[in-house]
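After this come two complexes, each holding subunit A, first together with subunit B and then together with subunit C.
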Partner chain A sequence: MIRTALGALLSHWRRRPGQLATLLIGLMLATALFSAVQAINTEARASYGRAAALFGGAPLDSLRAEGGVTLADYAALRRAGWRVSPVLEGDLRVTGQSLRLIGIDPLTAPALPSAIGAALTRAPTDILGTGAMAFTAPQTLATLEGAAGLPPLRAAEGIPPGRIIADIALAARLLGQPSGITRLVLAPEQPSNLPPIAEIAPGLTRETPEAGGDIARLTDSFHLNLTAFGLLSFAVGLFIVHGAIGLAFEQRRPMLRSLRALGVPLRSLIALLLAEIMTLALIAGALGVTLGYLVAGALLPDVAATLRGLYGAEVSGGLQFRPAWALGGLAVALGGAALASGSSLWRVAQMPLLSAAQPRAWARASGAALRRQALAGAALFALGLLASLALPSLTGGFALLAGLLIGAALILPMLLTAGLALGQSRAKAGLPQWLWADTRQQVPGLSLALMALLLALATTVGVGTMVSSFRLTFTGWLDQRLASELYVTARTEEEGAALRAFLAPRADAVLPIWSAPTRLNGRAAEVYGFADHPTYRDNWPILSGLPEMWDQVARGEAALVNEQLARRADLTLGQNLEILPGWSLPIAGIYSDYGNPEGQVMTSLTALAAQVPNLPRLRHGVRSNSPAALREALISDFGLPPDAITDQASIKAFSLGVFERTFTVTAALNVLTLGVAGFALLTAFLTLSSMRLPQLAPVWAQGITRRRLGQIELARSAALAGFTALLAIPLGLALAWVLLKVVNVAAFGWELPMFVFPLQWLLALGLAVLAALLAAWIPMRRLARTPPARFLQVFAHER
Partner chain B sequence: MTQPLITASDLTKSFPAPGGAVQVLAGVSLTLERGETLALTGESGSGKSTLLHLLGALDAPDSGEITLDGKALGGLNEAARAKLRRQSVGLVFQQFNLIPSLDVAANIAFQARLAGRYDAAWATELAARLGLTELTHRYPEELSGGQQQRVAIGRALAGRPPVLLADEPTGSLDEATADDVLDLMLALVAETGAGLITVTHSERLAARFGRRLHLRRGQVT
Partner chain C sequence: MNVKAAFAALLLMAAQATAQGFAGLGTQAEGFAVPERGTPLTFPQDHQAHPDYRIEWWYITANLTGPDGTDYGVQWTLFRSATAPGTDEGWQNPQVWMGHAALTTPTAHHHAERLARGGTGQAGVAPAPFAAWIDTWQMLGTGPDMDSLALTAEGEGFAYALTLNAEPPLILQGEAGYSVKSRDGQASFYYSQPFYQAQGTLTLPEGEVPVTGTAWLDREWSSQPLSESQTGWDWVSLSLDDGRRIMGFALREEDAPAFHSGTVIEADGTATPLSPEEITLTPLAMAQTHGRSLPVEWQVTLPGHSIDVTIKAVNPEAWMDTTFPYWEGPVRISGSHTGRGYLEMTGY
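The block that comes next holds the complex of A and B.
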């Protein structure tokens, strides 16, 4: 019995391969986009995990001190029995890329990446000392071939990309810090009864890394954004699946009724339908995961570049197949299919055995159902608003976005129906009256596709507005922030002093950019000292400040903080901030600092130098009327290497490049989502066209040609999509507002002004109409070529 | 003495309606012996189709008892009723209710396969007797009304059920085609020994059945 009944159910798909393809492609696309995002996130997090657990296993506690750990403290701790190992960290710029150099002591390190451990056992002289070799990730090694100024490098698995690990003596030489120790790593197992660290080295503070490390925490918001986009694409895909499954169930109502009448128990029937859907979901899910893997592979290099540019996070550009996200993708496909088929299965379970034999018009839904749906949409609006007030800011922001988008989508059919009813009431002639009424009748059948289109278009407008607003603000901000014509970096303190002397008579102004690391609000931050100069007073992008701000800061009596630190630590003007241990200053101003994930403080250069005597004095901004000539002089006369000088235009170009890459992934996902929505529209029109003949035949019989009917269908499709696009514009603007004023603030710590771009609206409108015209073209041609005999069959079959 | 194929006693059935429940059957009793043919006649709304649905275990009476092929329907759950329909009842609907995605051959074989009683030779013979041999690879939408009804009859008889219930099987056919279809049904029922109850509006057709039962306002007259 089961085999026969299943055969009958499956025969439906055999007879309608297009419908089967729609269902499979819809679910495959939904799964693909979602699992692509998951694959990217998983890969990135794996990289963070490797970085955080460099010494093998869980991240270890460290001891740090203001200005670095001294050799004396290290020696004292070792003598007291503490199992600590020194680490020296710094950045190297090689062939245009920034590399993190980590110097370790292989003999005392609590654990080592396996390649280093093996080399230590096999040939210790290879890795110990200043002449030893260093280790890096295979993909980093590939980018460093032939690079000058580096020791011999060997590839080692387990090292995160962008990092070089070397013996601490070698690292000290490369970084120019002969006796530098950044931190001491504490081995997890320590002998008992050791004297407290505070007694041996009172200047050291112990830090326990948070789960996942700083980078993982910093990038959480970025990954949340990606996940939200993945979910949106998945939701749009589910609209297709819901439509396809709903149609298949409605078309099979007579079959289901016959099966039951002929003796298939209801429970068996439901189980068979569920098994059928799950099997299809499994096939589509597997295809989707495969496609998602390919999409993720294509997008990952851009994501890696974004993470590097925005957060300094190194992520491998290559994608590994991980069973976890593949299984997750399959689970999502199965869950999505179950969700999309839930209402149809419920209707089958509730369907009386003796219900009407003919398929209930799939395209018909009662006015009451539309009102209920609109009410649910309004409720989602309200829930989103409530959630944004009640939940933490980022989660609340996304809840507001979800409520806004899904709520609007649910309200759309009701709005369309109301608009069409209004048109119908105004129409006087016969054909327009029929047109309005007939279009209204089609709305329920098209509603899922139109809802998907609304979501995709609103996202296009919303994300477009956000990115364009951001770009406009960012460009202006770069002009303010990068006021100096040249930026030069000395290699040593001595060279720095000589550089200042060289520049003094040749430049309009030399502006030192000296900084010291600190920790504020529990996170790494940087404190900068700057000279009092009109360059800052005239250009610095101040968001809010006290009246005497610049004078107070120049006197070393106040500090400026960047927006993200102010928001994160809830700082206000006038409030005291402990910038370094034992040194507090009131906040006199807050400035914008887009693209920087970390907190930043600016104060008087003199005051900072007094607090941090060993402040590195290497970087300088240089004001000059003839920067090209000065650059030439710095290279030829002073002997500074070219890569130590960066001009303003290069930095701006680099920053804008980082900015554009940041949104490459968003744009790609946006285009894919639009593609999914276009596909939804195409399948909806194709499906409806196959059911339209009984409605069109009487109109044809009364004297409207097939060609004219086809044209009317085309115009109607364009009008419905155009109306949807008009509604998508305000929705998109609302989305942009939430992104700029709520999500960005929570995710990145900065708020952006919102600008509107009417050309983007026209683009969305054009895209919608174009998608509808393309989608309606095939059914229109099919209709225009339908032989009259097919129309006549409609009357012949009427009973 | 053999037990009747169907025994129905004092059946009542009503349906909810906006103005209050409408009683469709008000104490109907009947029996059907093996090999017997019975025509159910009556005006529209007299309860003919409802009675047929109750006898075929498609619906349950409000009161009264039905025994079908030796089994009392009263105590059966949904699954048991489905099994009884599968094994013991051949149904022919006015709207044919063929499986649109299966071809003629698969539709004829369908219920027999569900019941686990598929006999390929018998199915082929049925198709031939019903004049469908040339059409076995066609789909229902490619058939005329008369052809579809013949497929429905073939499906009902392919599993050799003891009871055949037909709800206006010729209602949508012209007179000549209706005569052909009925001839075939009666001949095949006679050959298989099944009992047949047919709902019909036609006095002319009803006269060809072994017995006739007229319903009026839910009661046998």
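The block that comes next holds the complex of A and C.
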């Protein structure tokens, strides 16, 4: 009996392969986008984890000293019994890219990256000593093909990109620090009863790495952004699935009734339906995860570039298949299918044994239900607002976004119905009256698809506004900030001094850009010294400042801070900030500093040099009327390597490149979401058209031609979509406002002015109408070609 | 992967262990100094490191007795191994140091290992007063010319602190300190102090044990002490109750009989080198330990000196599971003479 019942149930899909495809594709797309985002996030987090855990396992405590740890400190600690191991770190500039060189001592390291360990066992003289080989990630190795000044390199999995790991002897030679130690790593297990470190090496401070490290924390907001997008796509996809499943249940009502009447127990029937849905969900989920993997693989290089550009976080460009997100994707597909089919199954369970087949499969939304839904939408608005006040800014921002979007989607059907009712009340002639009423009657069936369209369009408008506003602000800011025509970096202090002497008669101004690292508000930050020069006074992108700001700063009596530091540490003008241990200055101004994840302080160069005597004096901005000639002179006459000189134009190009890539992913996800919404619209129209014959037949019988009917259908679709798009524009602007004023501030630490781009709205409107026309085209053609005999059959078979 | 295996490989130099003798001691000595016959040893300079030679060690073994007569053995060793000759300040220094410490009881064998690179002060050897150290382990000279030493080391489950004092002069092994190690003529510089009286405290998991006994220092440096066909050695240092000391070794050959050599040292310090025919070491009984079969009982015969003794491990489990693993432990002597000593077996 079960087999027969199952056969009967499945025959529905055989007869309607299009519906089956809708269900599968909808669920697949939803799962794909969601799992793609998860895959990207997982991969990125794995990279941060690898970066933080150089020695395997949890990141270890380190001992550091101002100006570096000495060999004597190291030997003293070892001889006192402390299990410490030296690490020497520094940056190598090779063929224009900056690489992090990490020297470790394999003899005392608490653990070794497995690739190094293995190589060490095979041929230790390859690994130990100044002539040894070093290790780097395969993709980094690929970029270093033929680069001069590097030791022999071997690719090793598990090393984060952009890093070179080598024996400390080799690192010391490459960095020119024969006895250098950046920090001492403490082994997780230490002997008992050791004398305190402070007694053995008083200058050392112990640092416990924060969970996940600075990078993971910085990038959290970025990943939250992606996750939010993934969830949005998933929600849009679920609209499709819900529609398809609901329709299939409605259409099978007579069959279910017959099966029940023939003696199939309700419980078996429900179990069969559930098994059917879960099997379909499993298939769609598996396909979706595969598709998601492909999408993630295509997007990951851009995400990696973004993370590197924005946060300096190195993420490998290669995607690994990780069971965690694959299983997660499947679970989400199953859960989504269960969610989408829940109400339908419930109705099957409640259905009276001999209930009549309903004349209109989709007519299930009464006015009261619409009002309830709208009320729920309003409640979500309120909830979102409340959440944005109560929760931490970023989570609150997303809660506000979610409330706004879903709330608006829920209210949409009521707005549409109300609008149509108004139109109907104004219509006098018969056909328009019928048109208004009939459209209103279609709203429940189309509402899910229209809601999906609303969400997708609002996102397009919102994200478009955000990106364009950001681009406008960013470009202007770059012009201000990059005032110097050339940026030159000396390799040594001596060369720096010679460079200044060389440039003095040749350039309009030489502006030192010297900085020292510090920690502010518990995070790494950089303090810059700058020479008082009109370049700064005229160009620096100040957001707010005291009137005498530049004079105060020039006298070394005040400092400027960047916006992200001011926001994170809640700094206001006039407040004192401890810039370096024991050195505080009042804040005289706040400047915008887009694209920089870290806090930054600017103060007088003389004041900084007095505080930090060994300030590296290497980088300089150069003002010149003929930068090209000066660059030439620097290379040929002074002998500076070309990659030590960067001109304004290439920095700008680079920065804009980073900027564009940052939003590549957003744009790609946006297009995909829009595609999903368009698909939802198409399926909804297809479904409706197949059931509309009973409504259209009487109109046809009154003399409206099939062709005319088709045109009316097409126009109606376009109008519905257009109306939805009109509603989507204010919603999108609200979305953009939240993104710019709440989410950006929380995620990146800067607020951006909002600009509006009406052309984008037109585009959204056009897209919506186009999608609706395309979606309605097939049903219209079908209608126009329906033989009159079938219209007549409606009257013959009237139920 | 641990560091130990890495160091093993360092010493084994490129995985040709069988062709290059145990622990790489048979590898070519390119760039390194090679011991030359007739070079006089001078002290205290030669107590210090010889960084132009590839390998070197400061090696102490002690046979100790507790208040209840229980036999204990103690080992303290500092090895030096260079990836290139010479020395340098800081990380460029090509020297690598390795320490081994062990405490053997009839029922337990505790041991530990430390690694360090040269040029940092983490490990090394210094003059006036003499000091050899790696991390917390120390061998400190408390008098002139290595006559008195203070020895400390600790590891998981054990620690010891001993003072050593010796009267007679240092013993130069082989021909005035030039010790031939193969028929091909490979050699090392080698001197010993076999006459230390030792006392101190052992710390075991069960508690502290005061001990007294004898100790033996071996100093050896070379760049290629084994020939490439030699696969390992069996080495004994015996303290006979009549006051005599015997050092003997058999270097096992791949396809030939073992190369034997040794020294008989009278109680007054008079040393007589033994030619390869004058000493034989014959395995008597095997034991299984750490998955290997090792001879833990030997017959040692010196016909010219009317010595024919059997030596038997106090604890057959004295396996040093270190970077390059080997067996090292105290032995009891019976037969024509009685006494105690140390046995070392490598390359099994």
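One rule holds in what follows: the second predicted complex is superposed on the first by the 784 of 799 C-alpha atoms of A that agree within 3 Å, B and C clash if a C-alpha of one lies under 4 Å from a C-alpha of the other, contacts with A are read in each partner's own complex, and residues count from 1 in each chain.
Methods note: a residue touches a chain if its C-beta (ideal position, glycine included) is under 8 Å from a C-beta of that chain, and two chains touch if they have at least 3 such contacts.
On a predicted model such as this, the values are computed, not experimentally measured, just so you know.
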| item | value |
| --- | --- |
| First, second, both or neither for A:567, with subunit B first and subunit C second | neither |
| Which of subunit B and subunit C A:716 touches, first, second, both or neither | neither |
| Touching partner for A:242 - first (subunit B), second (subunit C), both, neither | neither |
| Subunit B versus subunit C as contact partner of A:71, first or second or both or neither | second |
| Contacts of A:620 with subunit B and subunit C, given as first, second, both or neither | neither |
| Contacts of A:179 with subunit B and subunit C, given as first, second, both or neither | second |
| Of subunit B and subunit C, the chain that contacts the larger number of subunit A residues | C |
| Touching both subunit C and subunit B, counted on subunit A across the two superposed complexes | none |
| Subunit A partner contacts - residues on subunit C that touch it in the complex | 1-3, 5-10, 13-15, 83-84, 89-94, 96, 115-117, 119-122, 133, 135-136 |
| Interface residues, subunit A side, partner subunit B - complex | 1, 3-5, 7-8, 11-12, 14-16, 254-255, 257-268, 353-354, 357-358, 799 |
| Subunit C contact footprint on subunit A (complex, rising order) | 71-72, 74-76, 78-81, 86, 88, 103, 105-109, 112, 114, 117-118, 120-125, 127-130, 168-169, 171-173, 178-180 |
| Contact set on subunit B toward subunit A in their complex | 53, 56, 58-59, 78-79, 82-87, 89, 91, 93, 95, 97-102, 106, 110-111, 113-116, 139, 172 |
